[in-house]
Amino acid sequence: MTRIGLAHRVQTFALGTLAALLLTFLVIPMGCLMLGTSWGEFSAGLRHPLASPALKLSLWTSALALVIVVSLGTPLAWLLALRRGRVSQLVETLVVLPVVIPPAVAGLALLLAFGKRGPFSNWFSPEGGSLALTTSAVVLAEVFVSSAFFLQAALAAFRRIDASLLIVARSLGASPFQIFFRVAIPLAGPGLVGGAILCFARALGEFGATLMFAGNLQGKTQTLPLAIYTAMESDLRAAQALSILLLAVALALFFGVRFSERRSHTSLEGHR
Amino acid sequence: MKTVARRKFGALSLAPLLGGWIGCDAPNTEHLERELIVFAASSLREVFTELSHRFTAQHPEVRVAFNFAGTGELKAQLEHSTSGDVFAGADRGHTEALVRAGICQGLVVFARNEPCMIVPLEPRSPLTNFLELPNATRIVVGAPEVPIGRYTDQILERANKVLGHEFQSRVLVKVVSRELNVKQVLAKVSLGEADAGVVYRTDALLAQNRVRILNIPAEFNVFAEYTLATLTKAKNPTLARDWVALIRSRAGQSLFARFGFLPPTETKP
Amino acid sequence: MNGPGDLNFSVRTPLGTLVLDVSLQVAAEAPLVVVGPNGAGKSSLLLALLGALPVREGRIQIGAEELLNTQSGIDCPTELRRIGYVPQDYALFPHLTVRQNFEFAVRCSPVLATRLERREQVEAVLHDLKLSSLAERRATALSGGEKQRVALGRALVSRPRALLLDEPLAALDAQARHEVRLFLAEYLETLRLPTLIVTHDPNDAQVLGKRVAVIEAGSCSRSLTWAELCQAPVSRFVSEFVGRER
């Protein structure tokens, strides 16, 4: 083998080693989680009293959070994509900020904003109400932490749309609604769906902000991540089973939507 | 160009080796300081921190490192890790389990704590004693998986037996959250998000500017027994024993009393 | 003289390092070809006429109606100008079929009122541009020449008052270009719409337009016939341009 051929082989090997290191590290804990539980322990864990109410609550609060984020966030992302000025850059930074805010901090912020001592306390009830420690608080916390994931994906997808398509649409007389619903959304479709998956997954897994702002009450505010944390206090095996359940739900969702996304993506091939 | 690339590659390949070496558990005697690692329940945070100052006065070369969390969480961590020298929990059960599993040894009860009811100072609460607890709109207590939550449930059961009138269910209906940590209960009541809660007296005393303490009648009340044990695989077994000794000493016990703890007794309440 | 359907404009606006300063008149029966070196502002001129580029100072008029008059504050939005536009990359809606592309246009049109009128118009244009057999094809599954016809049809189906084409043949190969050029020249004659065609190809200039305007460094003030252009080339660009014809 030539010297260059050898050097190239070594370089590829080095890159591969670095890649393998991270890959292994990511896969091993999940493997231990799943293989560390026997089937019997797993099904016993599923029948744990905390499991079913927590799963139901998690699924429907995350779904509601997703609906809120998508219905309000799609117009927001679209308007930000249309304008390129300094104001819109500032707005974009603001809405993406929740990604870097630690969940516990987000929970505290929500508490200060919508709690008993917050500025809206009198709106909720004459004696001073609070949204904290309610099921709505779960949804609000999930919206807060997950919206940035959808917004970033939607913004990128809308920005990828060819500008001349929009000019043509306007020249044909299309109203803002017509452009938004008939041109922008269909063309950004796969990107929007990808963002929605991330948003739902993040909402499903939210823990810190919900613990602080919504509390921990079975059936009302105890989401699946909270149930796992609670179970860990008394029975690690149950916590493990619930963790596998959450992981399975997330994976099923992820692959399910990726599959449908790939189908719609191939039909739009050649659009650039 | 080639030599620069080769040097970079060389450095890169050394990095994992270096990392491995640094990350390895180097024996404590390599460091200038020795470290005593204490796993303790959250309600012991303030008194143990104060105690650690006394300890370092006695052992200047030692640094005390704490891991404060819910008792059950600490137990789970100890079952799966090898660090830690001392374990202090807010009940007997978790510590006994660790002793049975061979992870801990030498269980001692070193203090007791008394749960009490708290209400926010501001806005002024209409509740004046424990019997009015069912009148609160939103109650926050500990989760049944953590000691304070279990004690709260026991208290409510006892009260129910004595008072009747479905006292327990009337209270439970008003519960809006069962926190995993006594400090979280305290925080929610301090912020006014809950009208009432049940915490340890020692925690309530620390927040006297934000909450008002209402005693739970002795006939219903239970005592939380705080237990201490050293880890069998402790890296500093002598230091661990010194820590235990400090706690059981007169100086240690008077410190506990100052914070509102009760002395340990032999008989179970 | 401004005939009933003529396009008459004069715009002056900064454009990067240049100033776009163009005043021209486009008669309904005489398509105007706009040529010039790269970066001279040709495509930007079309965007300015559409209302997609802000114009600092100027006037745009079709027939008797003013679309823009910066002095009196008139600025008709793009959606209401009813100017057909075919951009350089055709910009067909990739998620729609040919027919749906046309239907999009008629649905947005402020002019065609009834469902029957709209349907008839779509069929008529499909027929005129020989696209009826391709009507159900996805816009992305067409050849270059077919895409061009679809883009043209879509711009025309809502009965615009003027037509702007940006490099209509640039995306085609040499053979297709020749055929489509002839077809386009013929078709534009039947339309009788004031038409502006931007191109860099001298053949287009000769065949497609009755008059030629040269924009250099953003400015242009008159249009000439091809013959006049060849007789007295006013700049190096023009003399190269007309020389390249062969």
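Just so it is clear, A, B and C label the chains in written order, and each chain counts residues from 1 on its own.
Just so it is clear, contacts are C-beta pairs under 8 Å (C-beta built on N, C-alpha and C of every residue); 3 or more make two chains touch, one makes a residue touch a chain.
Note that the structure is predicted; figures quoted are calculated from it, not measured.
Overall, the chain located most centrally, as judged by its C-alpha mean against the mean of all protein C-alpha atoms, is A. Across the assembly, the mean Cα position most removed from that of subunit B is the one of C. Here the spacing of subunit A and subunit C, counted between their Cα centres, is 46 Å. Centre-to-centre spacing of subunit A and subunit B amounts to 33 Å, using the average Cα coordinate of each chain.
Each chain gets a centre from the mean of its Cα atoms; for subunit B and subunit C, those two points are 77 Å apart. In the complex of the two chains, the subunit A residues touching subunit C come out as 162, 164-165, 167-175, 178, 182-183, 186-187, 268-271.
In the complex of the two chains, the subunit A residues touching subunit B come out as 10-11, 14, 18, 21, 111, 115-117, 128, 130, 132-134, 211, 214-218, 220-221, 229-234, 236, 239. Interface residues of subunit B facing subunit A in the complex, by the touch rule stated above, are 9, 12-13, 16, 70-73, 76, 79, 123, 138, 140, 143, 145-146, 175-180, 184, 188, 191-194. Considering their complex, residues 47, 50, 52, 78-85, 87-89, 91, 93-95, 104-105, 107-110, 140, 154-155, 158 of subunit C touch subunit A.
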